[in-house]
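Both of the next two complexes hold chain A, though its partner changes from chain B to chain C.
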Partner chain A sequence: MALSTPDPRVNFSLLERFVGQRVCLVGRVEDTASNFATVLAADGGKVKVKLSRPADFDSSFVEFIGTVDAPNQITEIDRTSFGNTFELSTYNELCKLSCGEHGVIFA
Partner chain B sequence: MFIGNRHGAFLCLSAVESLTSLSEGKPKFSCGLSDGADSISAVLATQVNLRVGAGEIKQGTVLRLTEYTINLVNGAARPLVLDCEVVGHCDEPAAATPPAAGATEPPATARTPAPAPGKENKAVKAEPGTGAGGSGGVGTAALKTPAAVKRGPTPLAGVATPGPSPFTPGSARRAAQPIQALNPYNNGWTIKARVASKGQMRSFENKGAGGATTSLFSVELVDEQGTAIEATLWRELAERYFDVLEEGKVYWISRGKVKPANRNFTTVRNDYTINLDNGSEIEECTEADASRMQARLNYVSIATLPGYTGKRLLVDLLGVVTAVGPLGSVKRQRDGTELARRDITLADQSGKTVTVTLWGRSAEESGAELEALPHPLVSISQCRVTDYNGVSVSTITRSAIAINPEGEEADELRGWWDATGCTASLSHAGEGLASALKSGGAAPERSTLAALRKEKDALQGADAKPEYASISATIAAIDPAQSLYYQACPDNNRKVVAQGDGWFCEFDGKTYPAMVRRYVMQARFCDDSGEATLSVFDDQARMLLGMAADEVAPLKEAPDPKPYEAMLERVAWSEWLLRVQSRSQEYNGELRQRLSVASLKRIDFIEESRRMVALLTASSA
Partner chain C sequence: MFGGGGFMPSQNQNAGGSPAQKKFASGKAETLRAVTVKQLADALNAAVDDTYFVDGVELANVTLIGKIVKISFTDQLAQMEINDCTGTASVQMWVDQADEDAAADWRVGVYVRVHGKISDFDNKKRINAWQIRPITDFNEVTYHLLKCIFQHVHLTKTNGGSGGGAAAAAPAFAGGAAVARGAGGANEVGDDGFTGVQRDVAAFYKSPEAIGGQGVHNDQVVSALAGTYTRPQVQAAIDFLKDQGHLFTTMDDDHCMWCS
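The block that comes next holds the complex of A and B.
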């Protein structure tokens, strides 16, 4: 991730604004099937993540860096474990603030 | 004051012995009228006189005045009764004031200064069916008709209780009125109630009246219906009954004044309060069943708690326990005694949670019981609501805790919790409240290290109260060269010195076989505003370093300083939420500001994030 252009932190409803671009999605991994993972985004929407690595998640919350294929799907570029105690509702506020009202600071 | 109802004003003719003929030619009668609360002198018009002569109107007759005028005679209101109906008769006068008072001296209400001397004459016709408020045209200061009698038709004492005199409730055993039925418009009542709690005797100097001291104390009364009311005893009555009234005993109480309660100062949930002064009567009731006189719990929804902050009113809570904190203790500043405390979190159907601090025995006993149960229901009576963290609740000495109580409300809550509550996302009732963000007091508004520092001339005297501030800060460094701890007496924490085989304590002059090391260290903290060196004492330093001073000693005293220094460095850059105490201290004849850590905890990132989101929302709103 280039520090000069940080990837926007998104929830489900923000995804459609970034189709074709890189985003940062933190969510809870709900299910995995073949090379897809279903991830519960911060606002409660479900995102399909096309995995680039085997689905050996070691925590329930994961941060994915990926490219948005469609408003409900991204392709993984990288991932980081975010542990098992992560409050999605508060993070959702960060997504909204950093892509909205206070976007200037995060761009 | 007239008791009004829809049919006009009911009055009991209370003092017919004063019926005097005012003029020689046409007989004209003066009489005393009472509505049970006050009395007033009145004149009967000529057309009414005949009925006096016929014996229809005599002492104790209850009249409904259908037509009357108010005359001002020497500044006092004096109704002239033009027409009236006889409604009933009571054997004894129902006056609150002594029977003779109405006739022989100006009644209390009539003493009110009148707007102007001279004669004012206004004819008033009380129309049946328009209600008492209809006679609001009576413009004199002395005659007021209540706009509405709150709790429906109020029976006149004289009508409702014929027979024994109302002045001796103890001997007469007349029916007690429920507390619920008390209102300011009726003074001829008697209640039978248990003293649920008795307050301290208070007194104040009456500056206006030659510095006389007025003493008073309050009691909380509960009757068989479970209604509570606060009663305040004044002056001689207070002094006479302070030692007599006992908590848990039942008393007959009569002839007090019922006043609207000031919600900001009363702890009892009632619209009214009773003032008992000279003339009020209190008598113990020995045959009453006090166990039935328990204040009915009136549960308050957690979501509505913020409305109770800053008031003295106590609330009852019913909730599901979602978390039980560890048992802690607080040292009382006043006498240095330790007081147990424990925080529990309650949730209810409103989807809100609140932190309740249990104190003393309830923290120990009920707290331990709650800890052992999976999500028990708990009912807590008489809690104080504070604005700490937006809103918090604290028990007081007389709070009663019931675990898994029974009843409809409890069943409902249990049903909600089992069905939806246990999986629902609950939020703290104080979240986003202005008081959670505002500064001052215990509110967790954050200060900064720079804001804490004071210039020399701004320092208060060494005896001034210390000030406190909450600060989130990062440890920059702990200097390894400092002494870090001292050798302390295991009994009183004072310094001890090695003496022979033992340790001598200069404070109590005893020699101890062992000592403990206690931290007194300086740590440099920084935040976005700057940095400051804070003193950290044993309890806090132990949390900070994660080990006791006795465990650090071998590292510090070892020839190789590396493990010791590494230990201190490990702590650096950890983030803490600090409660910092700032006080002035005299040192070499000069005042210095001294900062120390009163308490600390590790930053909880989730909590911290929530706080910041709330701040952002509040600032953009």
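The block that comes next holds the complex of A and C.
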């Protein structure tokens, strides 16, 4: 049982708090162009994800682990398919609670 | 498999209960707690002998979610590390013939739901799982982590006192301070979670003349509060109180009563 560095679960507006750090971003992949994907974050903001692997997404919702380059861009480290039916609005509440009021049980 | 499915109230909540309840809750209660890896790691660091506490309540069974980041099989033993973005937990499970099909789905990158107990063997602490199941609907990740927050809040905000969790938690701020009419402005949310207009509308429904009978027509509330609030303000407050379950409609959509 180890506490590796936590990857905070973020929406678009929380990104700016973690520039230079690792985060966990769940969102819907809207578009891909060359090695970038445009991802709709849980709060409706759009994040550019610099991909580290080919953009062969097999689901519309994806969890990215990445490093925050800028308040609207991350570089992918890892990805997990999150299926085609995922409730972003509920997840957005989780982002806010886990990075805010109840952060003590997450990081 | 596990009674109740939730977590048990803390020990001191039962202290004042009947002898039968006391007997039931004494010793190691068979509870199931939803936890993050961070909570588990904190519990292990603060362990007293082999007893682990989260939010002051002893852990028995735990459930957690996480993405498999490492996995190996030796004989019938599956050992893995799972990460839920708060930390990495070691999990093991003895796999018998019947589980082998299920085990075929356990791979690096797969999100799983784990049920198990903390085991301390050879000075290595890990979760000894009795069930590991791949997650297929990822709302379960959201759900689990929100449940961790809910249980954490339930156990920390109620002070382990008597009374139901919701009842004890809600008035935590009310503290006897009489709420003046329109206190805090019409749109400012007070400590009770209501805005001034919502509070006044609620007070009207709770007043003696509104209780009993067949409900109060919306127009009656509007005219009673006419000097203070506009019709749309009152209507919005009524809708809010309905949504929150404080009001229910009676003979038609325009008549409501307070859920006492």
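Note that the second predicted complex is superposed on the first by the 103 of 107 C-alpha atoms of A that agree within 3 Å, B and C clash if a C-alpha of one lies under 4 Å from a C-alpha of the other, contacts with A are read in each partner's own complex, and residues count from 1 in each chain.
In this text, contacts are C-beta pairs under 8 Å (C-beta built on N, C-alpha and C of every residue); 3 or more make two chains touch, one makes a residue touch a chain.
Predicted, not measured: the structure shown is a model, and the values here were computed from it.
In the superposition on chain A, A:Phe106 makes contact with chain C only, not with chain B.
For chain A, the partner that touches more of its residues is C, with chain B and chain C as the two candidates.
Of the two partner chains placed by superposition, A:Val19 touches none, neither chain B nor chain C. Judged by the touch definition given at the top, the superposed model places A:Ile77 against neither chain B nor chain C.
Of the two partner chains placed by the overlay, only chain C lies in contact with A:Pro6; chain B stays clear of it. In the overlay built on the shared chain, the residue A:Phe61 is in contact with chain C alone; chain B does not reach it. In the superposed pair of complexes, A:Ser98 makes contact with chain C only, with no contact to chain B.
On chain A, the surface patch touched by chain B in one complex and by chain C in the other comprises residues 85, 87, 90-91, 93-94, 97, 102.
In the complex of the two chains, the chain A residues touching chain C come out as 1-4, 6-9, 24, 61, 63, 65, 78, 80, 82-83, 85-87, 90-91, 93-94, 97-98, 102, 105-107.
Those residues of chain A lying in contact with chain B across their complex are 85, 87, 89-91, 93-94, 97, 101-102. Chain C makes touch with chain A in their complex at residues 36-41, 44, 67, 83, 85-90, 109, 111, 125-126, 136-139, 141-142, 145-146, 148-149, 152-153.
Of all residues in chain B, those touching chain A in their complex are 425, 606, 609-610, 613, 616, 620.
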